[in-house]
């Protein structure tokens, strides 16, 4: 059962990667990265149960925080770039 | 009782997996960024939530379940916040049409 | 088949390593070079951790009733290597920022033109 | 079953690597690097390296990506096409790769328990840790106790990197806050950041002091701590973050952490042991080991937090 769930998660990650490669805007890529972050969290949690050692959920918790902070960081950078004239987007 | 819990947890896990898949397909197939946001929200809340509830039922009353609850709490706040920040940043970006057609390739 | 699977990890690691190597030597953009270095470093981490894995083993955190653990020593080495990779990446990026301020570009070709 | 996940994850990593090389927009590349790092971190979980996975996620996907983004903000997003045809590099790369793949053919199979790597010290560490040190996490016991010298060197490297970035980028205190237009109206983000900031710090403390029993330790905790402050700086601006944790304090903290580590070593010498021989620190050897590991993890955590924040402040305060 855990196997089915983890295969589904892997498929979803692959689909998210396709979106991250295709874009077309940067926002799409950030969105895909955010989704992959969530999926990785779930996969780590499921993996813990699958290998019979679910006490390693700390890793998944760190992933949640990190993917959140890096999403915010990229938006912050992008916003400040596009506001400075001559330096921002094309 | 044991069996009931197992069945419940499998149902939750399976439901969560289906929602994750639906969300992923949506991210791939939807035509533009704002519609894709909806698909990701399905993943972030319903899919992740159901999977975590399924795991909690497996974990029983232990530290594992507390950590899963904490994860649930984090995800339920960070997911929508990130998507909201993304949507709002994109909206402000769209005011400049050049950003809209930003083709990184 | 086992021959194929037995070295699969190492081969992918080498492909990743070469991807990073190619980025470092063929791309003129300095930030891209650092990212190439990052890919290279990560592939080395995966190589070490793949070697540490023992079939049927589990994470090296001792617990009653488990007898086979994966090798903890490469984990320790790589843990510290990741921290060092942060140090090198940060220093490299700081240098890139200074180069950009001095030359107005992060493109290696343009820097060479200005130097000549 | 784990094989399948391993194979799929490595395949995804490879595709991501190729995409990183091919893409020209550096912001997109930075996003992909973050994904790449997350994927490799989950691969580490599959390969049983839980401590490494924690570190890679916090450092690779978190801090490194944030630093790359900060650099791209200071430089430019466009990557120009190379002037030369990449034929020579391609030949070099393919030749090196072929040689390396030829080399792997002699390597023991993946997962082989009789491989030479597993024959020497590793089994000793696994066998002796419960009696000598008494912590369940063997990675922590090797890192902090058996190979304590190495880790002292590691912390010094981090400290040096902090000094290096400080020397290269300098530092400017910022009185007023400059708000990007994308964030100014984001009340939601500020509320959430306020809600999460204490939780992240609490969780970092948990990772720091739970490192003996589960995945975690000083390096990871330090990075998570710093991530909390970075989230604060992202939501409320650098000026406000500097009011919370000023730069002078960080410079002191960076040095204090290394000093705590070295002081534990000297203390154990004064008590009649060797440098970093923790068992003399208390009456009972195992208690001494616990005390020593806890103290040096604390030192590592303090230094890593301070240095990561010094680096982050350096990059961000460079703008304008």
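Which chain is which? They are A, B, C and D, in the order written, and residues in each are numbered from 1.
Just so it is clear, a residue touches a chain if its C-beta (ideal position, glycine included) is under 8 Å from a C-beta of that chain, and two chains touch if they have at least 3 such contacts.
All figures in this text were calculated on a predicted structure; none of them were measured in a lab.
*Asks:* Given the two chain pairs A-D and C-D, which is bridged by the higher number of C-beta pairs in contact?
*Replies:* Of A-D and C-D, more C-beta pairs in contact link C-D.
*Asks:* With centres defined as the mean of C-alpha atoms, identify the chain lying farthest from chain D.
*Replies:* B
*Asks:* How big is the gap, in whole Å, between where the Cα atoms of chain A centre and where those of chain C centre?
*Replies:* 20
*Asks:* Could you please state the distance in Å, as a whole number, between where the Cα atoms of chain B are centred and where those of chain C are centred?
*Replies:* 30
*Asks:* When the centre of a chain is set as the mean of its C-alpha atoms, what distance in Å lies between chain C and chain D?
*Replies:* Those two chain centres are 13 Å apart.
*Asks:* Residues of chain D that touch two or more other chains: which are they?
*Replies:* 25, 27-28, 30, 50, 70, 72, 76, 181-183, 189, 196, 214-215
*Asks:* At which residue positions does chain C touch at least two other chains?
*Replies:* Those would be 58-59, 61, 63.
*Asks:* Give me the residue numbers in chain A that touch at least two other chains, ranges are fine.
*Replies:* In chain A, 23, 26, 30, 32, 51, 55-56, 58, 61, 65, 67-68, 72, 75, 78-79, 82, 89 touch at least two other chains.
*Asks:* Among the chains present, which pairs are found to touch?
*Replies:* Here the touching pairs of chains are A-B, A-C, A-D, B-D, C-D.
*Asks:* In the complex of these two chains, what residues of chain A are touching chain D?
*Replies:* Touching chain D: residues 3, 6-7, 10, 13-14, 17, 20-21, 23, 26, 29-30, 32-33, 36-37, 40, 43-44, 47, 50-51, 55-56, 58-59, 61-63, 65-70, 72-83, 87, 89 of chain A.
*Asks:* Tell me, which parts of chain C touch chain D in their complex?
*Replies:* It is residues 2, 5-12, 14-23, 25-29, 31-32, 34-36, 38-39, 42, 45-46, 49-63, 68-76, 78-80, 82-91, 93-98, 100, 106-107, 109-110 of chain C that touch chain D.
*Asks:* Could you please specify the touching residues of chain A with respect to chain C in the complex?
*Replies:* Answer in residue numbers: 51-53, 56.
*Asks:* Given the complex with chain C, which residues does chain D contribute to the contact?
*Replies:* Going by the criterion above, the answer is residues 3, 6-7, 10-11, 13-14, 17-18, 20-21, 26, 29-30, 33, 36-37, 40, 43-44, 47-52, 55-56, 59-60, 63-64, 67-68, 70-72, 74-76, 79-80, 82-83, 86, 89-90, 92-94, 96-97, 100-101, 104-105, 107, 109-113, 115, 117-118, 121-122, 125-126, 129-130, 136-139, 142-143, 147, 150-151, 154, 157-158, 160-161, 164-165, 168-169, 213-215, 217, 219, 304, 308, 311, 314-315, 318.
*Asks:* Show which residues of chain D lie in contact with chain A when the two form their complex.
*Replies:* 1-2, 4-5, 8-9, 12, 15-16, 19, 25, 27-28, 30-32, 34-35, 38-39, 41-42, 45-46, 50, 53-54, 57-58, 61-62, 65-66, 69-70, 72-73, 76-77, 178, 180-183, 189, 196, 200, 203, 206-207, 210, 214-216, 220, 224, 227, 230-231, 234-235, 319
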